[in-house]
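Chain naming follows the written order as A, B, C and D, and within any one chain the residues start at number 1.
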Amino acid sequence: MRSSIHASGTAEMARPAQATPSALRDIVSSLLRDKVALVSAAFLAIVLVCVALGPTLLADQARAMNLMQRNAAPFSFDRPWLYILGADALGRSVLARIIVASQNTILIAGTAVLTSLVVGGALGLVAGFKEGAVSAILLRLADAIMSFPSLLLAVIVLFVFEPGVANVILVLAISRVPIFLRTVRAEVLELKERLFVTSARAMGASTWRILFRHVAPMVLPTVINLAALEMAFVMLVESGLSFLGIGIQPPEITWGLMVSDGRNYIGSAWWVAFWPGLVIMLVTMSLNLFSNWLRVVTDPVERWRLQTSAE
Amino acid sequence: QSGDAVTIVLPGGPDRLDPCETPRSVIGRIIKQNVVETLVELDYAKQTTIPRLAESWEQTSPTTWRFNLRKGVKFHDGTPFDAASVVYSLERTLDPKLTCITRTKYFGGVDITARAIDENTVEFMTKTPMPILPTLLAQLAIASAKTPKGEYTTEPIGTGPYDFVSWTQGENVKIKRFDGYWGEKPKIEDATYVWRSESSVAAAMVETGEADLAFSIAPQDATNPETDKVYPNSDSAMFRLSADIPPLNDIRVRKALNLAIDRKAFLGSVISDKAELATQQVGPSVLGHNPNLVPWPYDPEQAKALLAEAKAAGVPVDTEIRMIGRPGMFANSNEFVEAAAEMLRAVGFKIKLDNLEMTQWLEAANKPFAAGRQANALLTMHDNNSGDAQFTAFFKYHSDGRQSEIHDAKVDKLITDAGMASGEERAKLYQETFRYIYEDLVADAPLFHMVNYMRVGKRIDFTPTIANAVELQLAKLVVKSPS
Amino acid sequence: MPDTRLLKVQNLSIQFPTRKGIVHAVNDVSWTVDRGETLAILGESGSGKSVSASAVMNLVDTPPAVISSGQILFRGQDLLKASAEDRRLVNGKSISMIFQDPLAALNPVYPIGWQIAETMRVHGIDADTARRRAIDLLGRVGISDPERRARDYPHQFSGGQRQRIMIASAIALQPDLLIADEPTSALDVTVQAQVLDLMKELQRDSGMGMVIITHDLGVVEKVADKVVVMQGGRIVEAGPVAKVLSQPSHPYTQRLLDAVPGRHGFSVNEAAEAGPTPLLEVRNVSKVYFGRPKLFSSAPQPQVKAVDDASFKLSRGATLGIVGESGSGKSTLARMLLGLDTPTAGSIDFDGKDLLKLSAAETFKVRRRVQFVFQDPTASLNPRMTIQQIVSEPWAIHAGVLPRQQWRERVAELLEKVGLLPDHAERYPHQFSGGQRQRIAIARSLALQPELIVCDEAVSALDVSIQAQIIDLLKELRRDMGLSYIFIAHDLALVRDFATSVIVMYQGKIVEQGPTEQVYGKPQHDYTRRLLAASEVQPGALAA
Amino acid sequence: MGNFIFKRSLQSVLSLALLIILVFFLARFTGSPADLYLPLDATEEMRDQFNQRFGFDDPVYVQFFRFLGGLLQFDLGESIQYSKPAVEVVLQAFPTTLMLAAITMPIVIAVAIVTGSLAAFRPGGLFDRIASLISLIGASTPNFWVAIVGVIVFAVWLRVLPTSGTGTPWHWVLPVAVLCLRPTGVLVQVVRSSMITALSSAYVKTARAKGVRARAIVFVHALRNALLPVITVASDQAAGIVNGAVIVETVFGFPGIGKLMIDSVLLRDFAVIQAAVLVTALAVFIINIVVDITYALVDPRIRHS
């Protein structure tokens, strides 16, 4: 075949002098440009360091009781620095406990949300795309889960299985599947009417490919956003399960557990519940702001916001 | 002349308002001695009984008691209070169709019947001698014969100074003064009972004047000594030890466990500083309490030494022990078990902590125990507000007791003998039982006799006592004159 | 002294910074329009016509775009400096615009009658009048049964009908200036004539100025007073229509005129001899759409017979041109051939097998052999995929056709074939012009070297020179590889030049079919005759 | 449409049945209620009496058929706790819950839509930053913390609101405010996210070309296109409240279904669990049917496919 057509209809393009930046450099530079995202990413990185190292470094300090220091107030400089955020009802360092608890918290909340996102998301894609029985069954199951009392679910799991971290994750994940399923499905209902999906179908693309290559990327921003918000919820709900004897039990700790422990002291020692609550809030916020940044960099139509410096 | 109205905050709402359930504090605090009355009233301070609806009584044989009833008393529905109504109330309470707590808890295997001798005389007959029958009858609320048999009622009709008005599920119960009351007319005219499980909110309600009195607020919310009053609540906390299972089957290990818990350190921190260190399962107000026992000291070194000794003797002291708690058993009970577990770990115990939900906790607490269960230290809180050790000793320590972890022939005999005895003799036998269990067997780890904080609003003059664990006689509240 | 010109665009330059450098979309462009005057902007696809027109409407988002220089003076007022509220009051009332891509430009969730009426409501006409006027306008742009169809939604209309809806909405307030970006690219000649007449009438009545962007020299001749020709973001030639079209001075303009289909006579397209089984056989196919199901009502729904009892055959190596009235069911037919819609009745055999009865695996095989170009190229490209990913997707779907290492090279080759640059592979669809997107869709359809390509208005947004080159490419493939085409187009000359046989559709029915020569030479049906008459397709007629 | 509702209702009834069967059998896995209601030293005989009284001595399937039989006469059994018909117990608690949901959701939706849309109008702008910050705080603050701090601040310090309880409209202020917090926070983010996409569509440009006011572009053109995920998440929040606003109920002493449900699970009051699930599930299913109808109302393409 000849290639006889001269390149036409293309506007002039002034190439920049230096080589085109690599994709990675591109992302880094757009992260550097968005200060909010950068701070969020930095905070998340710190949390991850705590997750990795916290328990090895501070496990003993987090458990060391001192009933004399009970509910010691924060920002008192005559105590060791670990007590800078105050002490809890058993006189343990709130700071050390927050750091040590990060591992369990992120493990549980992260896995639970991720599981429900993946499962709920995948089922939502299917429910939105496939009409008829499959969709109806999935949706009615979701309805059923939505109205199944989660506490009963927890108690059942407790009686049927051995209590353990895996079960906490299971209970949390199951109860949060419907929201992802239904959100994804709603988006898919609209997306599947788009012409580019029809195009892919006409090319012979498998349902699987259409779902994951064409539909999922369009749904992802909303879902990731939602997942970041779910993290906060799951962190707090998880502590409720500890009180049933399912999952995390002292001396293991999570932020949610710390918050609930502090519940009784809100009036007398606000810091016991406040700091872990604040950390949960900050993590949620960082995840969200970071995911907002992510959605912009992954959306070609929006990406310019982060690439052109505002000159 | 219009009287005063008060609002009272309880920690939990009632599920029914049946006179046969008055020993349960959620019900008793509202209706006992206010709406329904008993023949006999307990005087906790003096450990004796005083007349209420009965004017006097006598034991006519080891198994029969004769009660002379107060005359001229009327129920709220107008029917007269007489011997027949007492018989009716007893029969209704003992009806197996209902699971009245008065029956299940106090008249368990008692086999008691009543008979009206004349209008104002009742005779009670038991199969076996029942030396503390008056104490038992302090639990039996007398209700009008209009109260249906065989089903629970939500509208109690009694002889008390207050007439039941209404109960809105989840919201409130209202009672008002009964003008036809036989006794002295109380000052307070209307009372509304509401409930808040959040202690800080309950405390806030009294502080803002929305309520006049809040039962059992958490120690940390009891910040105002002017309004917040402490009273013993007849609850005793204790770790029950599975004394049959290694390593807890070794007395040295049990002793070490007792020595390793710094009980004093909890007072004034996690537990109220008004609580008392316990040496036995019943509190000082109970007949049979042994005042001569000395609380365990905190001695971690000796605990370690005992453990080492046991280990040398081949006791598997490294075996994991399960510490079982229950959230909300008492204020800060979670913190307490967490701290106690740490203390035990500190001397070398291997502790696994489980905070269980009620049903599971009961499975661990009650016989039949699970086959092959782990050695455990089970946190319990036992209340005995009947004033007699009988309701504790048997089921906690007798071989056949539902919660007993021990089977000691001497204990069994002591308990059986004490149950038959009365007066001094009875007290002595129970005291010996508790001494033996505490000093010789070291069967468990007694912790504290607990207290409650009650917040009493500025309008009210009232000092709570141990009686308020299960009742609150409105007649005893004094509304200060507005000045 | 205030400028009396209606609109004056002066030294306008617009750039798009992209990852690979700055795209100079519009470069120092100037033109003017007066009251009652029509300016035609001709030009190469991607030469900056749409971007410059959007700039007049304040629709170029800055950022990301940069308007580096220039003025846009509307009655002497610089629109680039006007406040947002002033701009808003101008838009829709004084200046209005018809967009190139009507599917994307219409809001999918509102009925079209509402959308047309909105323009009027926004500028102060009461809702009731606006609604009545909207229905009236729909009728005037040739939508039948306007009362009922005003309540339908954009996705229920054909490409040409949507275009006419856009037109109705733009002329609703009889603006002082109308900017029309390819307003007739999907209209058959009869409807096109009707619409152009309507616009001229408005111009006569109200002295409206018009800027019409088109690739269709016939339209230019018919309506424009003067013309500017753009290439690569610059104006290369400007002047009165007659002069530019008869004496083009710039080589690009010359090439453009030279490329008009039929200018050099029509190529004779041999119908390849019919094999024993035709490649495609359509028997008595019908498609009925149901109108809007009324909520809470069980009354029978109104029906639209989009395709009514169509039958035809297509043999290997042949090209079947489908022409017909806008809304006559051409796209619907194409969709059924692709298996995207199921016919209400009838059967479709591909290579001897009934398409409707194939197993999943067989369907998959057929899809490799049949490719397509849709009428709305923009919507058919996934906005989140690069051109590289879009064009190579067929290989990803049909594994084993081309090893992955060669994709990049082959994509570059395909892009070059349709007149784009290999560099474009890294861009996203929204960074292209309408014509460029259409070419991307064509490149994608060629990727698998299929046996049949269904082209629905595949070249309608291209300027004639590129159109000619694409048609040459398609012809070459037909000759070399025996490719067959179903070629839906409104441009009768183009169809005559390319197709071996022709179907004429009218109101859902095939009213005439036969070899190209026969249909064009001896039209039987009344509609065909009208069509041909309106198009004035005679060899060499245009340049005269 | 009628057909759709009929079909959906049928499906819902089936899954309601499934739900009830699951709840019925699974709940009985969680241990016997006898110990909970009898004193610790209850005898075997008393336990037998108790089990007999509530029918727990029969095999589970017999209990189930008895339950089904009762269901047909709208008799869901007797509450062990309250010793009255479970339906009665549940229906006393449910109105409060419904009322809470009915007050809360409109506020949540209105606030979230306005705030989220305005934030999406200029992503990264000042309003967006502030709105995002506040909504994220709302979405991640523990409810009970806000509730108790709310009581301390507004009732104890400022003395402008009652601490708790029902009665006057003022009693509803704090509970509703607390209840709104998280749903609003979450919904603002969802609205914002999906509005950003909608606002960059071509039809928004068309609207600008028509001279449509910015407000109408946001709230008329873009919003309706962005509504699907918003409706979904809002319905999930509504279902959450209908299933019980436990924190609010416990802190403020609101006699709703959430606390009742928890107590019933902890106290193994099976009849009440079943009745409560039945009632709340019914509400949730109705919400979901309404949501599906709303999808079709909002987006004609869904209606037609």
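What we mean here is this: a contact is a pair of C-beta atoms (placed from the backbone, for glycine too) under 8 Å apart; a residue touches a chain by one contact, two chains touch by 3 or more.
Since we're looking at a predicted model, the values are computed, not measured.
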Quick note, more Cb pairs in contact for A-C or C-D? It is A-C
Suppose chain centres are the mean of their C-alpha atoms. Which chain sits farthest from chain D? C
Taking each chain's centre as the mean of its CA atoms, chain A sits from chain C at a distance in Å of 45
Rounded Å distance, chain A centre to chain B centre (Cα mean): 47
Using the average of all C-alpha atoms in each chain as its centre, how far is it in Å between chain B and chain D? 38
Send over the residues of chain C in touch with two or more other chains. 155
Chain B, residues touching no fewer than two other chains: 200, 357, 360
Would you please write down the residue numbers of chain D that are in contact with two or more other chains? 30-31, 148, 152, 266, 299, 301
Which chains touch which? A-B, A-C, A-D, B-D, C-D
Tell me, which parts of chain A touch chain C in their complex? 1-16, 20-21, 26, 193-196, 198-206, 209, 213-214, 217-218, 298-301, 304-305, 307-308, 310
Which residues of chain C touch chain D in the complex? 54, 57-59, 84, 88-93, 96-97, 99, 101, 104-111, 118-119, 122-123, 153, 155-156, 169, 292-298, 378
For the complex, which residues does chain B have touching chain D? 15-16, 96-97, 99, 101, 104-105, 108-109, 151-152, 154, 168-171, 194-198, 200-201, 204-205, 207-208, 210, 357-360, 362-363, 365-366, 391, 394-395, 401-403
In the complex, go through chain A and note every residue touching chain D. 36, 136, 139-141, 143-144, 146-149, 151-152, 155-156, 158-160, 178-179, 182-183, 185-187, 189-190, 192-193, 221-222, 225-226, 229, 232-233, 236, 259, 263, 266-267, 273-274, 277, 280-281, 284-285, 288-289, 292, 295-296, 299, 301-302, 305
Within their complex, chain A touches chain B through residues 63, 65, 67, 70-71, 89-91, 155, 158-159, 163, 242-245, 249-251, 261, 264-269
